[in-house]
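Below you'll find a set of structures to go through.
Both complexes below contain chain A, partnered by chain B and then by chain C.
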Partner chain A sequence: MIAPAAIMIFLFFLMPVGLTAIFAMTSMSTATGISGGVWQVTQGAVNRLEGDMPALAEGIAQPRFVVDEEGLAALEALKLKPGYVIELRAEHVGEVFPSRREAERVIKALKDRPSTREVKQISDLFNRSVLNTRFESREALVRSLEKLGFKLTPEERDKVATATYTGWVWTTDNFRMIGNSPDMAQIFLNTAFYVAVTLLLFNVSYALFLAVTTHYMPPTTASVFRAIWLLPRITPVVIYVLMWKWLTWDNGFLSLLMGQFGVPPKNYLLDNSYNAWFFVILINGFIGASMGMLVFSSAIKAIPETQFHASEVDGASRWQQIRYIILPQLRWPILFVTCYQTLSLLASFQEIHLSTRGGPGKATEVWSLAAFHTALNNYTGNLEYGLGAAMALVLVVVGLVLSLIYLRVFRYDTLISKPLIED
Partner chain B sequence: MSEQSKVSANFSSLPVILLLGLVSLPLVLMYAYLLLDTVSNSEAGSLIPSEFTLEHWSFLWQMKPGKPNIWLVTLNTFIFASCITAVILIVSSMAGYVLSRLNLPARGFFLAGVMVLHAFPSVTLIIAIFIVLQYIGLYNSLVGVILVKSAIDLPLGIWLMKGFYDTVPWEIEMAGIVDGASRFAVWRRLVLPQIKPAIMALGLFSFLTGWSEFILPQVLAPGAHVQVLSVYLASLIADDNNFDFATFKAVGVFYVIPVLILYVFFQKHLMNIYGGGTKG
Partner chain C sequence: MRILLDKFSKSFGATKVIEDMDLNVGSGEMLALLGPSGCGKSTTLFAICGIHRPTSGRILFGNRDVTSLSSQERNVGVVFQSYALYPHMTVAENIGFPLTVRRMTAAEINKRVAEIAALVHIDNLLDRKPSQLSGGQQQRVALARALIRRPDVLLLDEPLANLDAKLRLEMRSEIRRLQKETGITAILVTHDQVEAMSMCDRIAIMKAGEIVQIATPSEMYNDPRTAFVAGFLGNPPISFLTGRAKQGAFALDDGGLKLPLAALSGIPDGTALTLGIRPEHFGIGGDVPVEGKVTFAETQGRENLYDVVLPDGSALRSIQPARSDVKPGDSVRWSLDSKAALVFGEDGRRL
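And now, the complex of A and B:
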């Protein structure tokens, strides 16, 4: 009976995680494709070779002309004057010309005097440039380079092959990039700031405030407030963010309201990074508050009422009740919500993606959003699967470590009891 | 709770209610205007609506250029959410029972694993899943995204069901076993009826999360013929050429109404899950 669950979990959790780890070690992107690649001497590859082998780079970037059997056969097929072929075969076979001009000078000097148009036609047949030609295998590339008169040592061959390969390769560059790039450090700081502030202000403090205050309210009032604060959680995220946009955009509520006082309209969500952060934290915090509210409310409800009655008799004020009765007994729920919400906040990016898209600039880009943008959704169009997977892998590791710690903290073994029926 | 508020007269709750009301104001305003703006027009620069109109709802009977038919999209969303509900209910009610009641090798490990998976950031999976679905040809199909979404919600479902099974007294099963029924029959006939409210709650919850899901369909099935409402609405908003908040809101209300109805009627069931349920 557990097989369906096990299969689905394997297929859509374990396998993707494994694959993420594998992709993280590659340079896959839209440019390389996800299946194999070909060998192609592009201008980019030439630039890459320039540093190590300037002579070779110079050479393969130029057109080359070789008088070979292949070209002669093609010339015969053109059915021009037969003298051309005979003379070229007899006198010039195997010659390599580094430029079109030199090749054409030789062709022009043929005894049958080809016309200018014919010279062009003939020289084209002997054009053996490798620039922008696609080779299906490494050997084909090396062979045609050798035909052109480039003598390569095995190491040089390796270098040329690496530089011209268009498919993905195994690499650890992704992790090096994550470790070294200042952008990544900024994103890391953003994430820490976002998680810490949202968690402290809303998911714990404000949720606690809601739970305690609604606890002391008449039940109808309390349930109205609870219902209001559950709305952000049940509202589909696209609409929820749409409402915030309406509140903050330059033709939205805040602008109209401020317009009554003569303030010109502006986009409060994206005009500067402080406002962007302010609203990003509000948007996420309003959703996050509800879980803490519910958990804390039910925990407060579980406190024996006699404790409250006794404290009333002793003349305790509300504040003293909260300080000495409620808070001490909420220690575990608070710890639980903190742990749980840290993970959800680390993983959440939909709200930020829909509201600020990490903007203005990259001010509100957090780790999970950056991974998503890198791998699946960006304006430049080059989706870097490898780098995105590496970033995601960092999140996986952080999540795993954190949740293992939590399982330890909450004494996981107490959650599972032995079955009573022995099979 | 009610007795307490009567007993404790040493404190007035009015200031607190006012304060909470003030903090809740943005939410209330946003919802009020969400509903109001779909059926009214207001003059430029004014916040008070001046006329009643249904023009913003015209998307229901007029197709937007370049966008799929709204009814097809709604149907897709319904199929999407229902299938997710069905898959989650069936799979997790079986797995939850096994984990709660049967002596399974590595049971504790499996449970811990499920717990850890529940905490997994979905973005870590989505990149690999995207590439996997493209390979096996389920990219841009409802089936693929349904399977993925139900799998991602499965750990929570299993833990919830396990928690609910834990509350069913053993005596019922003992009686069944003594009478010679198989474990499957015991589960099907005796235990399952005991946790009907739990199934109801989990079903509702799954339907709502399926209905609301955005990022998975957006990434895995963005095509016009398999679009769901969240993707449709997001693409409307992202389209800079036809910027019209009132229409966005009308589509939004159309989209959110089923959620609100379910929420109003089944609030109690849902609270079960949104609150303590996650503790398993």
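And now, the complex of A and C:
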């Protein structure tokens, strides 16, 4: 019976996490693509080299035209007037021109008077610029650099190759970036705030409040209450968030209402970061409370009624019943709900994405939403898969660590202790 | 403190469980509620301790009308049929719970828990959880919890059902001693008539939500008002013969037995009758001989128990000092004690 469970765990947990971990160790992005790359001296590569090797950087950034044997041989093969080759070989071999214009001036001045078309044709043959040229291999890049007169040590070659490679590479930079960026720290704090407040206020406390109060209500009233609190959960999230937006838009209900008191209409949702947080937590809390309510209600129902009878007879007031009879027996459901909701709050971003999109500014940007923006959806169009995966991986690790802490705090071992039968 | 039920009725929706019950339990008295399963014993207890509100009628403790008081305000100790221990608390916490909710100091609670636990012999189990106890131990925890805050009224719903024979005897006298010492008014629900007879001052026998008879144990045993009561008390139980009245005597239909009884004078001949003979009134030393065949013999140590089938097929039970000369299949001629015979009319009422 272990095999199917193991396969399921592997397929649906270990494999995605493993893949995420693999992606997290790469620099994949829209720019690098996900297959291999080429070596290309882009302006970006030049900028990267400027610090370490200023001479080289400056040199390769310039276009170069060199009259060399290779070019002369190619010119001979073109079978134009033979005088071109003879004169170039005699007069100009070894000359280097920093721009096409200078090279073409010399060619135009040849005695055999090449036509404008021929001038262009000939100058192309001597073009030895590397800027923006794609090399299919590292060796090709190095060879052509040497031909241009750049003498490189092996270390310098490595640096140049790394700087000019356009594909993805294995790297731990993603984690360094997450660890060092102040933006990331802010997003981390946002997430901690969002998860802690929603969890404490709504997913656990408010859910407990609902479960306990409905327990003491007549059955029909209790069902009506529970059904009402289930609505946010069963409404499709797009519609549910739309209702909140309608409530808070500048021509929505709140604005209309406040308009009666002379307050000018405004977008309450995105007005400032306090409001944004207020609504983000309400939106998620109202959805989250229902699950805790159901779990806690059924756990309270599972407490034998005679225990309530006995405690009444023993003189316990309602408060004492809740404190001594109900809450201690909800330890396991509370642990379960706390764990489950922590993970789902950490991972869920669709409500925030649909309501504030992380705004105003980045005020309500939480970790999962940031990962989504980084890897799958952003305005600049450069999707950084590697960084996004690294962020997702951090989320998984945080979730696991928190779960372990919860198990400790709630003393899971005592919850599952076996009765000892002896007389 | 006296408990008085005055025209107490209880129904759940359309099901009437108890109707117009009157019951008076004197102060310091211990009353047994005896009756078959489902007759409403637990329901009556629940109403007395305030868990169920009566549908109509009044409940008085002493002269105080408690009908509309909540359980918390009644100071009643209850041992529930299912114990109703709190599974997440240790034994000590369970027992101390009534004091905890009264906000007593921990030291005081510990002291009283230790006292009461020693009384019911569970002082070595105080750190366990209820799930780690046997049924009998759980029952004693429930008893300790009911007693610890010295209630005015103690209600026991089959508190000894799960104990072994020796412990049951011990607890019987223990509960009785405690109840007498503290002068608590107590109601004991039980299926066990020996328990009822040995522990209680009076017994109330219930049937289908009504009290059929309420009397002291010996009154109830010797002078049952109906065949139901006679059948309920006594172990081994009474045996019944059906027959008719014939010239002031009870006669079996085949004429095999004729028993002249004072109670039958003035009863017209042919009236259907039921005769109840307790096992100790059939055997040696009676005055009316009966012939039959032994079908079953059982020794109970000091005494032997026999079933004797009469020629018409009806059976009599006999209990006698142990003897070894009678075996199943033997024909015997034993005698009935006609003075102790109980005769009931067709409706079950005693004549």
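Here is the rule we go by: the second predicted complex is superposed on the first by the 334 of 423 C-alpha atoms of A that agree within 3 Å, B and C clash if a C-alpha of one lies under 4 Å from a C-alpha of the other, contacts with A are read in each partner's own complex, and residues count from 1 in each chain.
Just so it is clear, contacts are C-beta pairs under 8 Å (C-beta built on N, C-alpha and C of every residue); 3 or more make two chains touch, one makes a residue touch a chain.
The shown structure was predicted, so the numbers you read here are calculated from the model rather than taken from an experiment.
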Of the partners chain B and chain C, which touch A:165 in the superposed model: first, second, both, neither?
neither
Where does A:317 make contact in the superposed view: on chain B (first), on chain C (second), on both, or on neither?
both
For the overlaid complexes, name the partner, chain B or chain C, with more touching residues on chain A.
B
Output check: A:325 vs chain B and chain C. Expected answer is one of first, second, both, neither. What do you get?
second
Just checking: does A:343 make contact with chain B only, chain C only, both, or neither of them? Give me first, second, both or neither.
first
Looking at A:309, would you say it contacts chain B, chain C, both, or neither? Reply first, second, both or neither.
both
Check whether A:9 is in contact with chain B, with chain C, with both or with neither, and answer first, second, both or neither.
first
By the touch definition above, which chain A residues appear in both interfaces, chain B in one complex and chain C in the other?
309, 312, 317, 419-421, 423
Given the complex with chain B, which residues does chain A contribute to the contact?
1-2, 4-6, 8-9, 11-13, 15-17, 19-20, 23, 34, 210, 213-219, 221-222, 225, 227-239, 242-247, 251-253, 256-257, 259, 282, 286, 290-291, 294-295, 297-298, 301, 305, 308-309, 312, 317-318, 336, 340, 343, 346-347, 349-350, 353-354, 368, 371-372, 375-377, 385, 388-389, 392-393, 395-396, 399-400, 402-404, 406-407, 412-413, 415-423
The chain A residues in contact with chain C across the complex are 304, 306-307, 309-317, 320, 324-325, 328-329, 331, 419-421, 423
Could you pull out which chain B residues touch chain A in their complex?
1-5, 7-8, 10-11, 13, 16-17, 20, 24, 26-31, 33-34, 37, 45-47, 90-92, 94-95, 97-104, 107-108, 110-117, 119-132, 134-135, 147-148, 150-152, 154-155, 158, 166, 170, 173-174, 177, 183-184, 187, 208, 211-212, 214-215, 219, 229-230, 233-234, 237, 245, 248-249, 252, 255-256, 259-260, 263, 267, 270-271, 274-276, 278-280
Per the touch rule above, chain C residues touching chain A in the complex are 46, 49-51, 70-72, 74-78, 80, 82, 84-89, 97-98, 100-102, 129, 131-132, 134, 145, 149
